[in-house]
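Should a chain be cited, it is by its letter among A, B, C and D, assigned in written order, with residues numbered from 1 in that chain.
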Amino acid sequence: MSSFWNNRITFSIFGESHGPAIGIVIDNLPPGEYIDKEKLLQFMARRAPRKDGTTTPRGEKDLPEIMSGVLNDRTTGAPLCAMIQNTDTRSKDYSDLARLPRPGHADYTGAMRYQGFNDVRGGGHFSGRLTAPLCFAGAVCGQILERRGIYTGAHIASIHGIKDSMFSPTQVTKADLLAVREKAFPVIDDVQGEAMRADILKAREGGESLGGIIECAAVNVPAGIGSPMFEGLENSMAQLIFGIPAVKGLEFGAGFKVAEMVGSQDNDTFYIDESGHVKTRTNNHGGILGGISSGMPITLNVAIKPTASISKPQETVDFRAKTNEILQIKGRHDPCIVARAVPCVEAAVNIALLSHMMNYPHF
Amino acid sequence: MSSFWNNRITFSIFGESHGPAIGIVIDNLPPGEYIDKEKLLQFMARRAPRKDGTTTPRGEKDLPEIMSGVLNDRTTGAPLCAMIQNTDTRSKDYSDLARLPRPGHADYTGAMRYQGFNDVRGGGHFSGRLTAPLCFAGAVCGQILERRGIYTGAHIASIHGIKDSMFSPTQVTKADLLAVREKAFPVIDDVQGEAMRADILKAREGGESLGGIIECAAVNVPAGIGSPMFEGLENSMAQLIFGIPAVKGLEFGAGFKVAEMVGSQDNDTFYIDESGHVKTRTNNHGGILGGISSGMPITLNVAIKPTASISKPQETVDFRAKTNEILQIKGRHDPCIVARAVPCVEAAVNIALLSHMMNYPHF
Amino acid sequence: MSSFWNNRITFSIFGESHGPAIGIVIDNLPPGEYIDKEKLLQFMARRAPRKDGTTTPRGEKDLPEIMSGVLNDRTTGAPLCAMIQNTDTRSKDYSDLARLPRPGHADYTGAMRYQGFNDVRGGGHFSGRLTAPLCFAGAVCGQILERRGIYTGAHIASIHGIKDSMFSPTQVTKADLLAVREKAFPVIDDVQGEAMRADILKAREGGESLGGIIECAAVNVPAGIGSPMFEGLENSMAQLIFGIPAVKGLEFGAGFKVAEMVGSQDNDTFYIDESGHVKTRTNNHGGILGGISSGMPITLNVAIKPTASISKPQETVDFRAKTNEILQIKGRHDPCIVARAVPCVEAAVNIALLSHMMNYPHF
Amino acid sequence: MSSFWNNRITFSIFGESHGPAIGIVIDNLPPGEYIDKEKLLQFMARRAPRKDGTTTPRGEKDLPEIMSGVLNDRTTGAPLCAMIQNTDTRSKDYSDLARLPRPGHADYTGAMRYQGFNDVRGGGHFSGRLTAPLCFAGAVCGQILERRGIYTGAHIASIHGIKDSMFSPTQVTKADLLAVREKAFPVIDDVQGEAMRADILKAREGGESLGGIIECAAVNVPAGIGSPMFEGLENSMAQLIFGIPAVKGLEFGAGFKVAEMVGSQDNDTFYIDESGHVKTRTNNHGGILGGISSGMPITLNVAIKPTASISKPQETVDFRAKTNEILQIKGRHDPCIVARAVPCVEAAVNIALLSHMMNYPHF
């Protein structure tokens, strides 16, 4: 098992960066759900390279073709397969990889795992390109959730130390989430966004790359969604989010900050709001207690490392010849993938939420 | 699905804090593995309450009784069931919980999820007590791993801002891990440990509780263990670790620090060491690239929130009557569970590692 | 993975014939379901040995003790663990098994699979005794189904060629199912039942054993339950039923008879009955088309081989010494386990049905 | 979950009869395995329609296109996706199905399950056409097994009561299996095969269809493959085989005949053969005891119902209008699919065997 996920929603992602196509099979979607293709493409476009120099110039359209599971724009209940042709591949850029693993990439570990038979061209199945099918699934699940009032959104919380504003943990609204979704560079505070972009362009010029943090929130999730222990909302989201290449950390609610708090600070006390709903005054728990939603906004932060491909020369090894070598990576690369990872995190959250939602009579 | 985990090692945890017993069924352990019961009890004793005032005075022996799957101290290959009797339960301490959910606990979310039928006594199935069976499984898996040279260890990296020394990301050894395991209060730097303990006792006196961070490392994991995307080492560890109550964050290697790095800092360059092994000069990747082990130490940090049960009065609601209320929690509680969570994190890492190790011909 | 089943209902069976206890953990039962313990014990008593000489004289009470997941006789939603103590074990009866595998048993294959570490006493984890936890789960699921109007029943369709009457494939009713359930020897036609019992006693006297066929039916299953391909009702039932030791064949509806039919005979034509319901005039499809229930009775037959333990001397081998040997099995054995397997088949059908029922909004 | 199977080998089948394509994603294949495309197409050709009038005239080439997971004709270890374009679809033949369900098909049950959103054209996802991806997977797994000496083969054991010879349960060889594989009409006794074909042509002329039985065997499976209870060889094969449309029965070894045997007849006594191997003198157990292979040939029989599509007028209902109707099915249909189902059964057995083989150190 590797690239499939088995929950109420089950999916299997396939493909390599330089193979004929990548794609996904999603099983167990509820039948009769309308798929708005325009919105679906908008979602996926948020993952596509930008033309402003902050991303790779690789210019694929990445139009998913639905091969099954949808009829007259509605899910049939049968497995939904979507395929994306690989068109703009230039394999010779990667010819040395089988010998000289790129630092920060899975070239070496993949070779060890698959005894040298793995496809190394463009990272093969380890390529960030494989997040396109994840976004497809996340977009489909998102439409089904939105039809039930649940909205998810994410933004760049920081890049290389430059910080965006944050969602209000208790007050974030659907409007806040939609506002940031529409932006080409998904930040709340555009002034900070400009500073981030300038920093990215500078890194690119220096042959460098940058990392950052993504904040994601989901609103209107009813209380009571999830399960204790190993099948809770956090567990499912974690399993998916750590499947996005470059993710090195994940925290819910106050996250690592809880380590410096005392109990009375961290505990989110309950109250009845003016409409008679149970709420908490703070939201350090990030909307999840015991793996189960509390009805408060679900909030999480994800740490994304700097793109491993940089054009600066780097030390590496020829792991077959057992010699130390110098590697200079050529080809087209993202100086920062944080912006493109934003919809991927949303997608993972959508899939986990829909999976858990489907376990309930209220769905 | 809630309290079971399905990988090469499959297990199912059962029980409630105040029911007759808690336990675990572990399926698919390799046959013929010797179970050293003394070492197993030592592992579990590290999770047990201390007598120094830093933990709950609830004084259960927590001796696991093996009901199946072991004959003449060796695994038979059949499912291994271990059971722990609950002996020291005093249910009347918890009589108001069904009406007045404790802030920071799963009382409210559990009631929503299970339509009020969940057992609230002592947190029921959400109780931290359910980590005892997890430790049992982790101890068993750890013995099997150690027989193959793989060692795991963890310590309190910080409590309430008081910081311990950290493992060397590249040089941590089996000896380092064993040294900290033997301590009643698992820190590397005992001076800092004393400061932490003093802080915990102070919090207890003030009716408060404290959180902290746990660092865990595993050494001698061969390169090539794991899988890409959703079944990688990080994903499996994350799924288990977020099943430990009170965990709010998880990071591998440099974790959230990657967000402030540039690519050439974060990338761990490869070299051939004096014995001809492939190594990396730094270990920001925490021993895992693309979900697969690199042969470097696996390192991770886990954020633990302050114990939710505090004796200070707190605001809450009667969620049936829809009224605001004040709750004062009585009973015996841990002012800080970080020390007791240390073996739980180790256990989760052991289980994930053994599960992935079993996928390989070299096992 | 071996003794666990992972569907909407997940369970894990543990224990060995001569270990301290056997049992089961059932996860994901719906919360709030009343467990009628009297009815539960009645169900399990149908699997217990009889006192009329047709079964083993091993006389265990097999009272399941519920360790978790039930409070005030209702399911809490947390994993339900039930344990049955082994009390009447006499291990020395089985002392040669590690060397001399019993024909028809899993002694040899188990030793190969588990490299000789398996517990051979009384068949260990391969013992028919492990169907007691299956019956427990089936009894619980059956109560939940009956609360929704769905009833399952089974009877001995034949033993050693002596045939019982069969359920009407299209007209079988809840009353028919309940009538046969109440009988100590579950046949429709008691005259045939007497002939079967006489034949069993005769076999016992001759040191022999007998096999037979069990017919099972479920009524009032709504149309639309199940899934295509590998997660259909037939697939799930098959996966469970082939887990009952001694099962060698399974057929749904007309089963193997379809091989001699032409299409117009086999096809079950649809009609609207007087109450406006869609029905079929015949039921060769056994209530399942494309893995999904049609609303007609679900019918299936299961072939049970003669008990492998017979007292006649048999050829076998010492598979370590590689010599041919003669084995005479001592100890207490069932001359025929068909009657005791009847509730096991019902149990498997109940579990599969409830698992699939829980996928539907109508549940 | 519906069309995916999750074991050591995991796969997900997608597509509808009249959609753009059908296909499969297979995950966790061992890396470095050579895929002989010629042999693969030969395997799939055995499932394709014949030109002799015994099958549908639908004339698709069914060439699978490998989209991922294979490089230089070897498995990479990444998910293998194969796609088959649908080219010869004529959807208007099926225009009434949404109203008038065809007897013996899943039109009605699918509509109930998917609330009328299922694709009914050509049976949609329920179409027998979906066995083409299953055969693809089975052909790939078969090549991997054959490289380890394990061979699988199947033949038509009977059609409409006309019986072929059977494999010898104890002596069947690789040569026997290969001999029948090469035949266009897979029977051992060609004279009986001619009689079957004549009977099929006669049925076709009369607007009828025929069913039959398939016998399958696997040789050289080492002893010790499989697991007890619910993850045994029989369980896994059953779960897959009941996923082939039209299968109504399955038996292993002596199957339903055990019901008429006494224990000393049914028990397969062990002996040491001249090469020192443990064998059984008879093979009523079909090579599987306790879910685990014994080293004897694995044998099984599968009952296939007559093709549900017949051209004779049939009673049905308009299940929306609740009226009784007469349906005459037009279009191209197989008068008998038994011959085409032969490789499907082999495929299922191959997949199950490889999955279980991969659990063992000896693989």
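Observations
In the analysis below, contacts are C-beta pairs under 8 Å (C-beta built on N, C-alpha and C of every residue); 3 or more make two chains touch, one makes a residue touch a chain.
Model, not experiment: these values are computed from the prediction.
Over half of the residue numbers at the interface between copies chain A and chain B are found on both sides, making the touching surfaces mostly the same.
With centres defined by CA atoms alone, the chain at the far end from chain A is C. The geometric centre of chain A is 39 Å away from that of chain D, both derived from CA atoms.
The mean-CA centres of chain A and chain B are about 26 angstrom from one another, to the nearest whole unit.
Chain A and chain C, compared by their mean Cα positions, are separated by 46 Å. Those residues of chain D in touch with two or more other chains are numbered 1-4, 13, 78, 113, 125, 228. Contact residues of chain D toward chain A in the complex are 1-4, 6, 10, 12-16, 19-23, 25, 27-28, 31-32, 65, 67-69, 71, 74-81, 83, 113-119, 124-125.
Chain C meets chain D in the complex at residues 1-5, 13, 101, 103-106, 108-110, 112-113, 125-126, 130, 158-161, 203, 208-213, 222-232, 234-236, 238-240, 242-243, 245, 247-256, 258-272, 276, 278, 280-281, 284-286, 288-295, 301, 303-310, 312, 314-317, 319, 322-324.
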